[in-house]
Amino acid sequence: MAEFLIGLGLPGWVAWSIAALVAAVLLLNVIAGGALVFIWAERKIAARIQDRLGPTRTGGRFGWLQSLADGIKLLAKEDLMPEGADGLLFRLAPYVSFCASFCAFIALPFAFDVVGQRLNVGVFFVVAVLGLEVFGVILAGYASASKWSLFGAMREAAQVVSYEVPLGMCVVVPVMLAGTMDLVTIGEKQAGWMSSWYLFHDPFTFIIFWVYVTCAVASVNRAPFDLAEAESELVAGFHTEYSGLRWSFFFMAEYGSMFLVSGLAAVLFLGGWNGPVPVARLLGFSDGTGESAAYVVRLVGLANLMGKATLGVLFMMWIRWTLPRLRIDQVMTTCLKYCTPIAAVMFAGAMFWQLFLPGGLFPGWGRPAGEIREGWLEGPGGLPAAASPAEDRSSTVTGGDPVERAGLATRSPR
Amino acid sequence: MKGPGFLESIEAAFPGAVVGSQLEALDPWIEIAPARIAEVCQWLKSRGEPRFDSLQCVTAVDWLETDPKKAAKVSWQPHLEMVYHLWSTSARATLVLKVKLPRWSGDVAGHLPEIPSVAGVWRTADWHEREVYDLSGVSFSGHPDLRRILCPEDWVGYPLRKDYEMPTEYHGIRCR
Amino acid sequence: MTGMLDMDIIDISTLTHVVPPLATTLAALPALPIAGINWHSVLFLLFAGLACGFAIAVVAADNVVRMALYLVFSLGATAGLFFLAGAEFIGAMQLMIYVGGTLVLLVFGVMLTAQAPLVSIKPSSSDRTLTAVAGASLLSLLLTAAFSVDAWRGPGVGVVPAPSATPLGMALVGVRVDEPPAGTPVGGRVGYMLPFEIVSVHLLVVLVGAAYLARAKRRRTPRPIDALASAMPVETVATAAPVATMAPTGRSAGGAKSALVGGGR
Amino acid sequence: MPDLIEDDPRIIEFDVRTDEMLVNMGPQHPSTHGVLRLVLRTDGEIVSETEPHIGYLHRCAEKIGENLSPRQWIPYTDRLDYLAAMNMNLGWALTVEKLMRHEVGEKARHLRVLISELNRISSHLVGMGAYGLDLGTFSPFLYAFREREKILDLFEEACGARLTYSYITVGGATADLPPGWLQRCEAFLDQFEPIIKEYHALLTTNAIFVKRTAGIGVLSRAMAIDYGCSGPVLRGSGVDQDMRRDGESLYTGMYDGYAFEVAVQKEGRYPRDHSYPTVPSEAVLGDCWHRFFVRMLEVVQSMDLVRQAIDRYAACPEPLSEPLKLFEKLPVGDAYLETEAPKGQMGFYIVGNGTPIPWRVRARSSSFSNLSVTHELCRGCLIADVPAIVGSLDIVMGEIDR
């Protein structure tokens, strides 16, 4: 991108800043576009579950302009602020919450190497930033100077902070299997048929996927765990006093983090951009065979990941409209007495499985043992092996990511 | 031991408490002296046979004919009548107790007539008596928390009294 | 000030097909001598400014919750500095541990106790001058110590382009993979296994201690308010005789009658 | 650990004394059914004390009753428990007929059973749907209202109104059922039968629903009787009392010849345990779950009664008995009658003094006593339990405030 702009004669720094801006706006649109679609989808799904039609009149046959109508309504609505509220914090809270959920999208890959910034600590960064969203809610709860919002903020803080523990444990298993925290590599390692997905890697990862789903739903405050804005008890929880645009930012942050969490689930467990059937590879497209083929491969990858993420979001919506809400102490017990111990046991199980059966139960199913061990321990004594001829990434300083140089450098999705 | 024997058993237990009775009415009732109502109810609930362990309803009827022409033809003196409907879950029997009270204690308008509260006997009487106090103006001695329950705390007057005049405005809100 | 860390030791060739990690991207920008902006310095100034600015704001603010908020931004900016320096793992660690963990609990605690007296703490003027003096002296001590380190005075060593966390992780479990100093036998260098274990045991002890302090205190005599509802005094309850169960079909047995009248009407 | 007696000085450092907060739940609150204000004294999430404030919907219907003839007061009885207006009309009509010693014809008797049981089904459907809302799930509410709409359509055909019917009046009913109504009612019941299983699957046996209701707000048998609770709240605590079987002979006479069992747990079993889900292990007799379950059983019970009433009504040859005149002279004397309304025992008391206008009219509402138990049930529960407990009592503010 930047080279293209430099080619146009723009000075270097302008080109680079525009490239960065374009990437940021693209990500913002992923959330905004996602939110628009999901608002409409939530209304339609809720309607279908409740045996009614949902929006039908706003714009065309299926009411697809409903989200736009909501947006205009929220823009037009007056931004109230309660009298005793703490001005600065009240105004700041929704944007803190939204930035936290937007910031996590930087590290989320949408196709092979189509990622905001390919962080080597991708997974760790996403989980860390996901925890920041609770700030927006706490500040909103405190700043609204109403007892109900304070209750909502308390519950939210307690819930999200305590669910980060099992969430972290569930995320560690795919990281262990892939040997790296870099999301692009994790997605890359699950290339090929559906069987290579980490979901089906071994029974332990299968169970830990479902624990991840529970913790993800809880840490995003949805469905049975939506204690923070439980309308039957706390009127509307932490965003009781918000209206208009500020409220829509909380709304956007919620849908953004819902999409993010299901995107992360897709990359970690469901093979990210690798579809159940490796269509691109079967048709002969791959990175090596030319620029346009690489583009097609990435497009197919993007479609796969978006499909899986949307399925995750639809699943959350489906749960929301069927299950009643849990009580705060039940939410805490599920976290501390069920999610965390199960995640720990499954983690240990996956570790032993990986140790004793790296190749999987029957041949051709798992990863070849050699390649995995090589990925971890660079030969005896941990000495960096000679840089593999194919790709010398780092120039002056040796070392670099052993996994990078292990047989991955060929970049062609298998 | 239902039937006529029941009336005698109450009179035996509380001589002088039963002031009158009416057995032929649709709902036969006994009239009890105002001061003894609490003891009689306690006895009916815990030692009488059958046990009246449930109080269905407490009502206050204001016997006052405001229209002077009709007042002349009326046979009764203006008074306030408390009606207690009891129910026995075991014997599925009903019982009606009545108590005659002066409209105002010592005939001084504004002083509410006094009657011992039965909230100690049945917990449901707590709210029923508060409603009677609120709407008909009868104060219950020994009631744990005698406050208005339906009308606002600072409402003046007792709506269900026959001679009740609705105030013209309440906190600036026009009533009439 | 801007030239403190000049970045030209990374050649541009790495900027080929593979998008390099964040630090090298920024470091590899063409540092044009003329009006060009060295992005790395600009961002460094930005983050450093944010960190220091909000640190001062924390001290200067009087509303407790605002202090906590400024502390969040200050530590967040420090995380930015870590990312800028290429230490992505430490940056993410800073975000998660400090901003995501400690400060959430700090704001949590502040909110629980931020009743009227505590919310606005106005130090008297004498306190202000005292703290200013102490602060200034400590700052000057820090600066002199920092500048006395010769390694830091000259131009920067440059950004380590391999911010991967795997060698870090393996070092923690005892296998050093990064540059072995000359002459050490293969595998001879023990990683940081021991300190790693000590720290984790230490954290475990802290965890157990916290759980012990915060345990629900079983009180022998329940507080007057939460006496259990079911402890109803027994004698007021009539001994309900076994209720005659009605035959499911056929006419109801004449319904309730008044106790005074007895026979069915 | 030292023995923590309340006034032990050391207790101060151990027990971090968090000050308690008074929180207003209502009167504008999504989960209080109507305009009820609950003042909660909360210590963190634990509710140590609850005090209901009522009276926001007080219209003093009893005072108006002293200026209207009994037939003119019928529309006021609609507005008492507006979800079960037919049962309210029935209660008032029976009380006046008791005072005037007027017997209604066979056809009117069966019509009254048919209509009041149908209204019980619609009232319980609202109760079930709203309870799902209190616990956070929105869908059952719409399923319940979809079925209730069909019942309201039937009522609309019978008396022209969908909520405040004024259909059952003193001496019978205002109009006879239109032709074909019975077939449509039969058709509704046939398609409603399997839907009950859906509700059970959706709520009664739902793991989270059981977790939120089983063992919460346990109302002991003695306290239920002592607080004058009635209806599903009483039967949920195991007291075998149903006015349709135990009430006044005038009222129980109406159900003469109808076969029905009172939906209450006797010796640990509910009657006719065929297709109902089993009672979960955590459920204690008298908790929210049992109250909810008793209502669901009563819906099935009422369906049976409606089917029987349809056959009996169709079998009556003579025309519907005419209701009494608008201004009928009331005999001197008083009469009190309690009927089994969907929310509980609804009592009406009338004092006649020879003129067509009653001297005193009194409505004893079941929700009034049911609500008075809240401060006992909500002591020491969590904030999320308060709507669960108040919802399980199924109160209607119109009836409480009158």
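By written order: A, B, C and D. Residues from 1 in each chain.
The rule is short, and it goes like this: a contact is a pair of C-beta atoms (placed from the backbone, for glycine too) under 8 Å apart; a residue touches a chain by one contact, two chains touch by 3 or more.
Here the structure is a predicted model, which means the values were calculated and not measured.
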Give the chains in contact with both subunit A and subunit B, ordered by label.
C, D
Set B-C beside B-D; more C-beta pairs touch across B-D
So how far apart, in whole Å, are subunit B and subunit C when each is placed at the average of its C-alpha atoms?
65
Where subunit B and subunit D are represented by their mean Cα positions, the distance between them in whole Å
26
Subunit C to subunit D, mean C-alpha position gap in Å, rounds to 52
Could you state the distance in Å from the CA-based centre of subunit A to that of subunit C?
20
For subunit B, residue numbers touching 2 or more other chains are 27, 53, 89, 92, 94, 96
Check each residue of subunit D and list the ones that touch at least two other chains.
223, 225-226, 239, 241, 246, 248
Considering subunit A alone, which of its residues make contact with at least two other chains?
154
So the touching chain pairs work out to A-C, A-D, B-C, B-D, C-D
Which residues, counting only subunit A, touch subunit D once they are in their complex?
46, 49-52, 147-148, 151, 154-155, 224, 226-227, 230-235, 321-330
Contact set on subunit C toward subunit B in their complex
235-241, 243, 255-263
Listed in rising order, the residues of subunit D that touch subunit B in the complex are 54-55, 58, 60, 62-63, 98-99, 101, 223, 225-228, 239, 241, 246, 248, 333-336, 338, 345, 347, 349, 351, 359-360, 362, 364, 368-369, 372, 401-402
In the complex, subunit B residues that touch subunit C
2-7, 21, 23, 27-30, 45-46, 50-53, 87-96, 121
Using the touch definition from the top, list the residues of subunit D that touch subunit A in their complex.
21, 23, 29-31, 45, 132-139, 142-143, 146, 202-203, 206, 208-209, 211-212, 382-387
